[in-house]
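First chain A sits with chain B, and in the next complex the same chain sits with chain C.
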Partner chain A sequence: MSHHRIHRRIAAAVVLVAASSGLVACSSDSSGTGASTADGVTTLKLWTHNGGNAQELAINKQVVADFNASQSKYKVDLQAFPQASYNDAVTAAAAAKKLPCVLDIDGPNVPNWAWAGYLAPLDLPEETFKDQLPSTMGKVDDKVYSFGHYDVALNMAVRKSVLTTIGVRVPTIDKPWTRTEFDAALAKLKAGGKYRYTLDLGTSGTGEWLPYAYSPLLQSFGGDLINRSDYKSAADVLNGPKAIEWATWMRSLIANGYMAQKSGADGTVDFVNGKTAIVYTGSWAADAITKKYGGDVAFVPPPDLGNGAKIGGGSWQWGLSSDCAAKDGAREYLKFSAQTKYFVEYSQKLGLIPGNTAAVDQLPNFAADGKYRVFLELAQKYAVVRPVTPAYPFISTTFQKACQDILAGGDPKKVLDKATSDIDNNIKSNGDYQF
Partner chain B sequence: MAVDVAVRAGRPGVPRVLLQLGRIVLMLVFSLPILFMIVSSLKPDTQIFSDLTSLRAFLPVGHISLDNYRGVFERVPAAQFLLNSVMVSVVTVAVGIVVNSLAAFALSRMRWRGRRIVLAAIIATLIVPFETLALPLVWWVNKLPWLELNGFSLVLSDGWLDTYRVQILPFIANAFSIYLFYQFFSSIPTELDEAARVDGASWFGIYRRVVMPLSGPAVATVAILTFLPAWNSYLWPLMVVQSEAKRPVMVGIQYFFQLNVAWGQIMAYSAMITVPVLVLFVAFQRAFVNSIASSGVKG
Partner chain C sequence: MASPAVVLLVVFFVVPVALAFGLAFTNARLISRRPARVVGFDNFVQLFGDPVFWASLRNTLYFAAVVVPVQAGLALVLALLVNAKVRGRNFFRTVYFLPVVTSMVVVSLLWRFIYQPDGLLNHVIRAVSFGHWQGTDWLNNPDTAMPAIIVLSIWQAVGFHMIIWLSGLQTIPPELYEAAELDGTSTWQRFRFVTWPGLLATRTFILVTITIAALSLFTQISVMTQGGPLDRTTTMVFMAVRTGYEQQQTGYAAAVSLVFFVFVLLVSAVQRFVTREKD
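The block that comes next holds the complex of A and B.
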């Protein structure tokens, strides 16, 4: 038999099998819109940034398991992504129209994702959020797009014994260091010769750390990332005299030898190992620091640099995608997850500030004499939410570059003028980011 | 080889001891980071940092344990990620060698109109960075159909996202591999083809029985140069793979960059994902160097 004949027979057999099995059908894969239905059960996809964060992921999974067990109409299917690459994964999925139904979002990104059409308003009854802390709500254009179970608080960790030995006052929540006091404390610590660098502001940090950590210092000087009256321009607030003063001061911390131009990879580890005297970090580091120094450690507000002490506010929150094919199911889930017991769970297991005042009553750590009370008070007293504007991601990346240039010794006025002009041009070219 | 001869004879004016010293310094420059990674993977985080200022950073001293490796498996599905990457990389390499060598064979051995234009067009694609194609490619793979077996029926599904094929198929045809094979094939005398033709060989027979058996170094080089980007692939799987079950190793490293970074676990995970690459390179090293030397390609 010739090869050609064999080939023809094989081809015929393939066609026959295909035809007899029949039904070469087109499937409409409804999972592309974050939900699919089979046997009367609608499966909703949920994405979280907690891949690799075992503790928080365990709570996410618990809430999902509880919801799945509580009813039989919907089933939530959780997919975890590592935080560092989460935003890129969401952006790619949005471009492909393959967003899940429920997803978590870093607070400052909510306005942009709402404006870009990734998110739909939650449209949940108002009483769902009656006890919610304002910094844990993603409210844009008067609509609630997201809510979070917790918040975090930046602070400066210091050792009381180290400060009192050199005659420096230990600041309190009500009375932070003034700029003069802070500068003097740094000089005294440096003169003591015990520390190569007395202060760790996390200068090796990248990405969102830079605006999260340094824009409150800028605001404490009297500047800001954008003029919040209409969110249309950064002129005068990001490149005015106060902002230039902030930038000059930041650089002087390096020039005076108080802090490294590029700090160690992990500020908490350096502080715990006694390499630095003051570390600017978040409430997430409290356990590791307390474990080492016990009652000798104090978590204090950043200094009041002229316009009051400030810290960043807003953490991860849950939202609903606008592509979701089963919005009712997603809302059911979100409402279920907004029970006070889950706020308690997140706070208890992770040591984070509960996003719901009703939960505070059930958390001894946040009671008047609780070990984490200080973070709640810091958040309540000093938190400033990052600008609620769809322009925020651009503002953030522009400010990141400006911070790095300033720390590297760039001319403050030139750097901030450039950042301001970039931000203003971006806002203008996006039609003021109108909804 | 000319290079070997020069080295064996010693360069004029350079004393042998200096040459050896230079080699030792070079060896240390390249091997110390790997040694640091492996040693640090056995230490707790605090010790990694306290050892940094001394030679202890490169020595397995202090509190040594496999805790970081245990931590890696608790934090990420590392075995699944490794398996996925092995599967994606091996298939990409195997199919890539066949497809690219066939294309290069057609370009270098067969005479047809427009051959040079096609070759130029293929080489021209080398200047387009993948990042510029990534988003349009996502759009395309999201629209592409696929035939799936569902029971006894063939079902036409839409979209390749979150599959193994989306991590493999776009990277099979590779302009650089085609060019490398093309260069190598061009160095094989065409008289061999003519002899094979006289013996009744078809074009495919010449490819399979004459050209490919003589192209071991080129195959080894293409294997390494295809394997490395497939193994190191990060941006693309990040964009197109959504479930952990299909995620490759490089995306996995991001799992360790939490607010409190687990440096020991990062070192352990890095050691685990570096070993297969080192093994592959050592296995193909001789052929790889031969091919680079003969084709004049610089890495």
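The block that comes next holds the complex of A and C.
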């Protein structure tokens, strides 16, 4: 081959690379990200984590379709991701500055993304959220960055008949089990020998489930993920005597044979099939459980382990990316989606706690004597939001590892000391995550 | 002619490697409002003081030390078996090769079911011992988690190296065997003095590919154990992904990668030296 031809080919390749990078530059210049305009209609991208959740995705699609039909200026284009890889997709998109205009976010991640500048304050009129449940709002630095259509409430599902037969009190909202009562109930249920496992705390869960489910138990012992007075250190709260007591207790549940080190893939199914006596799960499982056991089932608060019963608060919420090229359209969509009828829709179809109290009137299940009223009360009475700090993703992943190590039999003090020093170092090296 | 390859190499190899080298000395983060700052050797100081790093290094070495000889040896045995002129040898070749064309994620998921406390393995153990032996919770027992992963990894990849050995075996001229047979050699002598020397090039290739594959253990860990229980299965690559992606510490993860790079380089250099062609 002649030199001439080689040079031509190299030149062609260089032109090609230059042209393609030029194209990328053009498209991001003309439209920012997450939106494009054609024929006078601006198309906005919307991302949701509901790729594997047909029911919820159907409602997402309904809201989008309603909005698209209600006006002709904007068109929302929905893209669904499987939940397991959703956060990774968003983080990668954020790093590449390719975020969509509207996206849903797991509540505790909102402060981190707001701090990093990926989310813009919603700046919607104040009355939009006047009836909003506080745990469903992402308020950071006194600005609203996100709102959710619903919240969920963790609870323990038990069968009244089973408890009564063995002489154990059925707890109520106002009077949860004490630790002594709970330990006694576990021992009696196990002695009965009818269940493969007495308790299912969802130990096979990974990712955000671990802090969501187990940090309330830690808080019930009197510990926490971080000292909430200034959010600068986890010392004493995460590795103090209370936290060590919590870790020791968690491991003892496995050592005593009450629960599996790795529970079954679906705790609801195991409970419904009579494999477990008590399952720690969210209100999302209520429909399936009620269908099987009817009035015999009771959804009770987790035990009071010394510092009052606690459950996690905050679920998926909608936010607006700061790079969005059509923020007005995105705000219009978000305002449209915040109509009471959609809160009703999410709650009715999914059995979730409505994020807006105005919707309660239209939801018989959540009325004063409704069958799911208990979840609303649980959320109002016991919900603790995960720490509102940009350090949360780091705290969360560190706590996840600590939980897994503790369940696997690691030395509580060593595991928690390591987690605490990791968290403190991270906060320090990020300049205390100041805004 | 070389330009597409050059472009690809630059984009997917040179740039990432250069970035990893640079980022390892900064406190860059995946998501942050603070610009990255050069922090010198801070990341490395932190890394060498991190017990998870030493556990990762230990586990990676342990995995490679078992997998490299066992998988290579087993693959050679299989290759010799399916190289024999027996009926249905194509059937066996296909069967041994099947796991290779199955995605490692799928294989890991399936073996997770096999290893669970009431899974296939424990049922088999109970059945063959008439209930006298009880299996354990393989992946959650610190003593069995890594061996369990080693077994499945070898099962998945052994077919690939079997094919490589087989191709090596078939380059040995049949006349050599005929001549050796005329000399009245035993099967073992024919293997030792004809087959083994004839596989020299194949041996080096297999050693290098298995070593690199073993050192970069990640998928099985990510799907099956997430590095647990008690850090018994965490590996260098898993640690880099966890710290860089989930924990958003890009700079720190780059430092892990850099150390890993040097580590692989050293191992490869030693292997090159050992397998060099001696005069």
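Operating definition for what follows: the second predicted complex is superposed on the first by the 402 of 435 C-alpha atoms of A that agree within 3 Å, B and C clash if a C-alpha of one lies under 4 Å from a C-alpha of the other, contacts with A are read in each partner's own complex, and residues count from 1 in each chain.
Everything that follows uses one rule, which is that a residue touches a chain if its C-beta (ideal position, glycine included) is under 8 Å from a C-beta of that chain, and two chains touch if they have at least 3 such contacts.
These numbers come from a predicted model, not from an experiment.
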Discussion item. By the touch definition at the top of the document, which applies to A:206: first (chain B), second (chain C), both, or neither?
Written reply: second
Worksheet item: After superposition on the shared chain, which partner residues are touched by A:98: those of chain B (first), chain C (second), both, or neither?
Response: first
Practice prompt. Go through the superposed model and pick first if A:239 touches only chain B, second if only chain C, both, or neither.
Written response: neither
Item to complete: Have a look at where A:116 lands relative to chain B and chain C in the superposition and call it first, second, both or neither.
Response: second
Worksheet item: Which holds for A:33: it touches chain B only (first), chain C only (second), both, or neither?
Response: neither
Item to complete: For A:315, select first, second, both or neither according to whether it touches chain B, chain C, the two together, or no partner.
Response: neither
Practice prompt. Go through chain A and flag every residue that touches chain B in one model and chain C in the other.
Written response: 88, 95
Worksheet, complete the sentence: Within their complex, chain B touches chain A through residues 45-46, 49-50, 74-76, 135, 138-139, 142, 147-148, 150, 152-159, 161, 235, 238-240, 242-244, 251-252, 254-261, 263
Worksheet entry | Sites on chain A touched by chain B in the complex | 18, 21-29, 32, 47, 51-54, 79-80, 82-85, 88-89, 92-93, 95-98, 264-266, 268-270, 272-273, 282, 284-285, 288
Worksheet, complete the sentence: Per the touch rule, the chain C residues reaching chain A in their complex are 1, 3-4, 7, 27, 29-34, 46, 51, 116-117, 137, 139-140, 142, 226-231, 242, 245-249
Response to the item:
Per the touch rule, the chain A residues reaching chain C in their complex are 1, 6, 9-10, 13, 17, 88, 91, 94-95, 112-113, 115-118, 206, 260-262, 393-394, 397-398, 401, 404-405, 408-410, 418, 425-426, 429-431
